[in-house]
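Each of the next two complexes has chain A plus one other chain: chain B in the first, chain C in the second.
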Partner chain A sequence: MTYIPHSLKERDAMLATVGVKKLEDLFQDVPAKHRFPKLDLPPALTEMEASSELMELAADNENIRGDLVSFLGAGVYNHYIPSVVDYVLRRGEFYTAYTPYQPEIAQGTLQAIFEYQSLITALTGMEVSNASHYDGATAVAEAANMAYAQFRGKRAKIVISPTVHPQYRATLRTYVQGMGLEMAGDDPTADLEAGPEALESLIDGNTALVVIQYPDFFGRVYDLAKLIEAAHSQGALVCVAANPTALALFKTPGEMGADMVVGEGQPLGIPLSFGGPYLGFFTTRKQYIHKMSGRLVGETLDSRGQRAFVLTLTAREQHIKRERATSNICSNQGLLALACAVYLSVLGKTGLRQVAELCYHKAHYAADQIKKVKGYELCFDAPFFHEFSVCCPIPVEQVNAHLLDHGILGGYDLGQDYPALKDRMLVAVTEMNTKEEIDALVEVLAEARHD
Partner chain B sequence: MNIPAHLKYTKTDEWFDPSTGAMGLSDYAQGQLSDIVFVEIVVSAGDALEAGKPIASVESVKAAAETYGAATGKVVAINEELASSPEILNKDPYGAGWMVKVEAGKASGLMDAAAYSKFCEERTH
Partner chain C sequence: MTEATIYELSSPGRTGVTFPEPDVPRAKLPTGLLRKELPLPEVAEVDVVRHFVKLSQYNYSVDGGFYPLGSCTMKYNPKINEDLARLPGFAHTHPLQPVETVQGNLFLMYTLQEWLKEISGFPAITLQPAAGAHGELTGVLIMRAYHKDRGDAKRTKMLIPDSAHGTNPASSAMTNLEIVQVPSDGRGNVDRVALRAVCDETVVGLMLTNPNTLGLFDEHLEEVIQIVHDCGGLVYGDGANLNALLGILRPGEVGFDVMHFNLHKTFSTPHGGGGPGSGPVAVSAPLADFLPGPLVGILEEGDEDEGPLFGFVTPKKSIGRVKAFHGHFGMFVRAYTYIAMHGAAGLRQVSEYAVLNANYIKARLKGVYPIPYDRTCMHEFVADIQWPQAPGVRALDVAKRLMDYNFHPPTNYFPLIVHEALMIEPTETENKVTLDAFVEALLKIAEEARTQPELLKEAPHETPFGRMDDVKAARELVLCCYLPEGYAEEG
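Now for the complex of A and B:
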């Protein structure tokens, strides 16, 4: 969009039009003593000085591009991002603070979102995707909103596996408080060896939604078809929170019959960035489209018969449907959805599968090596994707301190979320980890047996 | 505008047929909404319907609206067709576009066709 500055003359004209003399006159409603407070700031720095001070501060950070080797995942993963992703993102036409939705001026953005939606539905095996949510956690919470709306509040229970990301469960608890929804299964002390079938006994005729993660928080992969069938036999909907990279390799939740597939889109072309901003993807079946939250872009023909893109089915959104809308969220992560679309387009079906295979094989090599180290063993027997739990001989905090001394960012301490998993570490391996790095990890783990 | 003489009308633009117990959305209302893309009947057969309570949620390309019960009574049938073919509401609001049927429906304060016609005309000016 065009950058249009306004001149002093134009400002004066605007002030004269509204009937004030100077800009400060517009703030008269603010009590005088609060109007222009003394801020007690140090003297202003020159740009050169400020830049150098910021560089110094930034140098205290250790990052995983050069300083550290990372085996930390737990929902956010270090993948290679092709340079074209950033190149497209930084184009001025896309790089705006908010998504311009007017079809007459925003065909590029609308088409990008449409492509994003198409790619995400293909990846998840689903029929429709919205324009995205804030992150994986809010996408899970929106699934609860949708199920609640689908049953018009007549079903009041959400069954969630304890092996769903602890932060997703926390976000869901925040969302459902006050909605009159009960959460079952949200118990970190439950048997964590149990497969998805363990949830079946919790599902009843009052259950609106069953939420499960795939691969689960511990990286394990289970066939969910039986659980989904059991939920459907009670009339409940099923939401699968999936790792999108894993979907290039494994059977999709769509194929297993899921009603919603959601998740964290960060692995698809978005940097770690100290925890955000990320991207929540949200897909469902066509039959539920009117209950889906968020924006939706559709393809149409313009007045000249040319292919064009518009926001569609907007009457279900809050600005029209008000308090009867499924959700009060209608903003999307426009720029990050674009990053995801570019990433998926560049890699293609084969490329993404290669990434997933590299992750899988490297993680399995790492697991095989670690379990040979005296004092360490794998906590679970189930098949896994690119993340696995390791039982450590000493507290994870101490293991990680040793690793950090050797420039390695260790795994996630599971004991902080699951009391039974004290001294267990969740290790993630991606295509970014070389064999040498994995061997170094194994070596330092062997040294870190005793403190 | 089509306003059949044998029906009764609410101020929220629903019609009621005292002889069959059927109710739905008026021709005026469907015209105001324009192309209807989604209809969800929110009551089920067997429910005790109260006049003035929501019976359906309707979405068009430009608006969303609730449809309210025009009479009090026990719901004996709902129109399942509307879920898959919401455009019926635009084409035939008084016939195939009926929404809910009640048994022994009691209605009070409804307008007859002449009064409703006047009511609609006042709003279009």
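Now for the complex of A and C:
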């Protein structure tokens, strides 16, 4: 009866009101031969026992805030999260509420999402943000869904750069199975030295959407204005999957003319938590709003003349339009959008810029030191943000095993996804990495060469 | 009464958090690529705290009161789950770490897979989908892939009962399937005659919510499943209403081929004001090879000295991944804790009491509130607000008036087959005193509907905000706020 508050006396009184003798009598409609199966589960634990069991499991992991020093990124990053963020998140009024379908008693959630939308449009340089998607990968998939709807299915091609996160491309491949779209550019053997203009030759009058990542999967920052112009000249839409921390420093995709800017919001106040829950942010231009999926909060007045907020344009959504909805999406990542809003508020204009610059300077220091080590070099020479590719003298797996022996979590092995990038490691550096840690990484890399 | 927006609270030069100066030499920034303005607010930490605390106080929540929102399973969210999900060993592990360094996480995911299989009676499962609707899309893609793999290309139709959640047809439409609606019969079951008439060699399958959204267990469940199987179709189970079935029935055993779970309903992970959810998908043996990867499996069997080595495996004919990484791990920690603290007997009690509570409210309202399908219900039931003595009063008015009695309204206008539906799902975590107070409020409101209908029409009165102008919101589309013009110069 862990969380069931009835006394036996109350139970019996209720059974009498219902007009049955025992609880079992309530289940007459369930086929008798399948009714009340015996479940083979371990005996129930008390809170105290569950707490120790889970603490032991957590201790079986090597975490990156004590056990290991991390230089691993590849789409999600170890950033400092101010205490305020979790303080707000742990308020039961926020985390135990449902979707704000009853606005009179949900203004807290609604205004918080409205502010999230505002902060995200400011960061991306776009006009409209929805209330969020599941993660960066599904936000890209929803961009394809939106472009497909925008052209009413008459354009069947999605051009995607091979320098978009491999898992985002994989997710998009899954989604398009159903939509009957073809994908071009999704080729890990393509020339990865080439800049974004390399995609131009793939864009034609049948292209609904061009997807590119900024900074790209290898951390490189390119001006995308020319590519976007080329796509627009073919009538195609452009979706930029952006790292939100980088947007505090670099020109926004909005400024470069993107039609949608989406991405993984995890860097904005959300712990790594072994892969989720995270936050997919999704922004676009006002003209495309009716084809955008996901919830949307708008400002209005209540019957007393007070400024208030409601879910709006709900006629796009599945609970109203069913099979004619813009998407099947129902949940957003409400609580994570709140985390993001609190994070962006408390860091604000100067704090976020500071984080972005710290990442930049530290990553560049690390890159400069690593390339001085004999046998290691930087694979690309384009400008980069806080992640860069290193060509290693021995397989990345061996380098990483050696680093791990010294308590260092090395970078991502690019050879897993790109055959041409065998022995290349993607190293991420954030404000969390100290100079001492970077120097230790460099030292152990030098040792690893001799193994 | 209203709270300023975070931009209105902003004042030039104010800061919340500051970070250390760089401990490395500054690198040269690529000037041509930099942005000029970063129009984020400037507020102090205390401003942020007061602002969001104030906002939180405008919310109704499970921690604050009874939330009988039908189909949403707003049960109490145990506090221990929140503590455990935040343990550094869980919260600060990177999804791409070598498996040897995250054996605790992988053991937890593997065990949760095993437990959910045991509870549902399916032999295979993925934890990856992010929410219920995402699980549906995953399930539909698996069904399509299964037929295609058998060389059966004719199947293009998905059958969906008229009582289904809107996500069912929307998820099928995302994969370009044709939706065929199946009516309900007079007792709220799937109409078997109508079902037979549409079952042929073009059917991918049937998406069935059972108990359905009327809170009724289909009295001919096995026959319905058989009809679909007979035409070569598959049966998808929408697990939204699984809170009625723990230890009561295993859907995999009665012939369902696919089912998604909503960890945020049945297994107490918090709803978070609209998410995150978590929507694992379980399948029957013939569909196991199509699950999205990676799944957690055993890479090396253990022995007397050491446990097994857990790692990731991808099924042979996988439809591919449906999101980045491995799913909403933080929700897995909470669901794991919840199941561990219940055991088999505890889970069965969850469903028994959820069903008792719903039947109790229904019994007490009977005679005053019209109940269109008056059978023993499962975890929820639907009332139809059509009172001859109060002809102008609608379900919406009753819902809004309930707020004045400090209750969250039930779901209204769903399912669509009941005109003025109020869908009530109390869950098992409410005591008799709360249920009685809720019933008394509803009875009082029924009386007000006859004697003072304007009280309902203009409700709510006692909440910080009144009814909203939805038309204005949709017409004006003010979707964000900004720093005011000339903001920086003011400082």
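The criterion applied here is as follows: the second predicted complex is superposed on the first by the 398 of 451 C-alpha atoms of A that agree within 3 Å, B and C clash if a C-alpha of one lies under 4 Å from a C-alpha of the other, contacts with A are read in each partner's own complex, and residues count from 1 in each chain.
Here is the rule we use: a contact is a pair of C-beta atoms (placed from the backbone, for glycine too) under 8 Å apart; a residue touches a chain by one contact, two chains touch by 3 or more.
Since the structure is predicted, the reported quantities are computational estimates derived from the model, not experimental observations.
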Where does A:K321 make contact in the superposed view: on chain B (first), on chain C (second), on both, or on neither?
-> both
In the three-chain superposition, say which chain, chain B or chain C, touches more residues of chain A.
-> C
Based on the superposed arrangement, let me know which partner A:L313 touches: chain B (first), chain C (second), both, or neither?
-> both
Now for A:V444: first (chain B), second (chain C), both, or neither, which partner does it touch?
-> neither
Pick one for A:R152: touches chain B only (first), chain C only (second), both, or neither.
-> first
With the two complexes superposed on chain A, say which partner A:H290 touches: chain B (first), chain C (second), both, or neither.
-> first
Determine, under the contact definition given at the top, whether A:M425 touches first (chain B), second (chain C), both, or neither.
-> neither
Residues of chain A that lie at the interface with chain B and also at the interface with chain C | 313, 320-321, 324
Please name which positions on chain B make contact with chain A in the complex.
-> 37-38, 40, 42, 57, 59-64, 66
Residue set of chain A touching chain B in the complex reads 152, 290, 313, 315-316, 320-321, 324
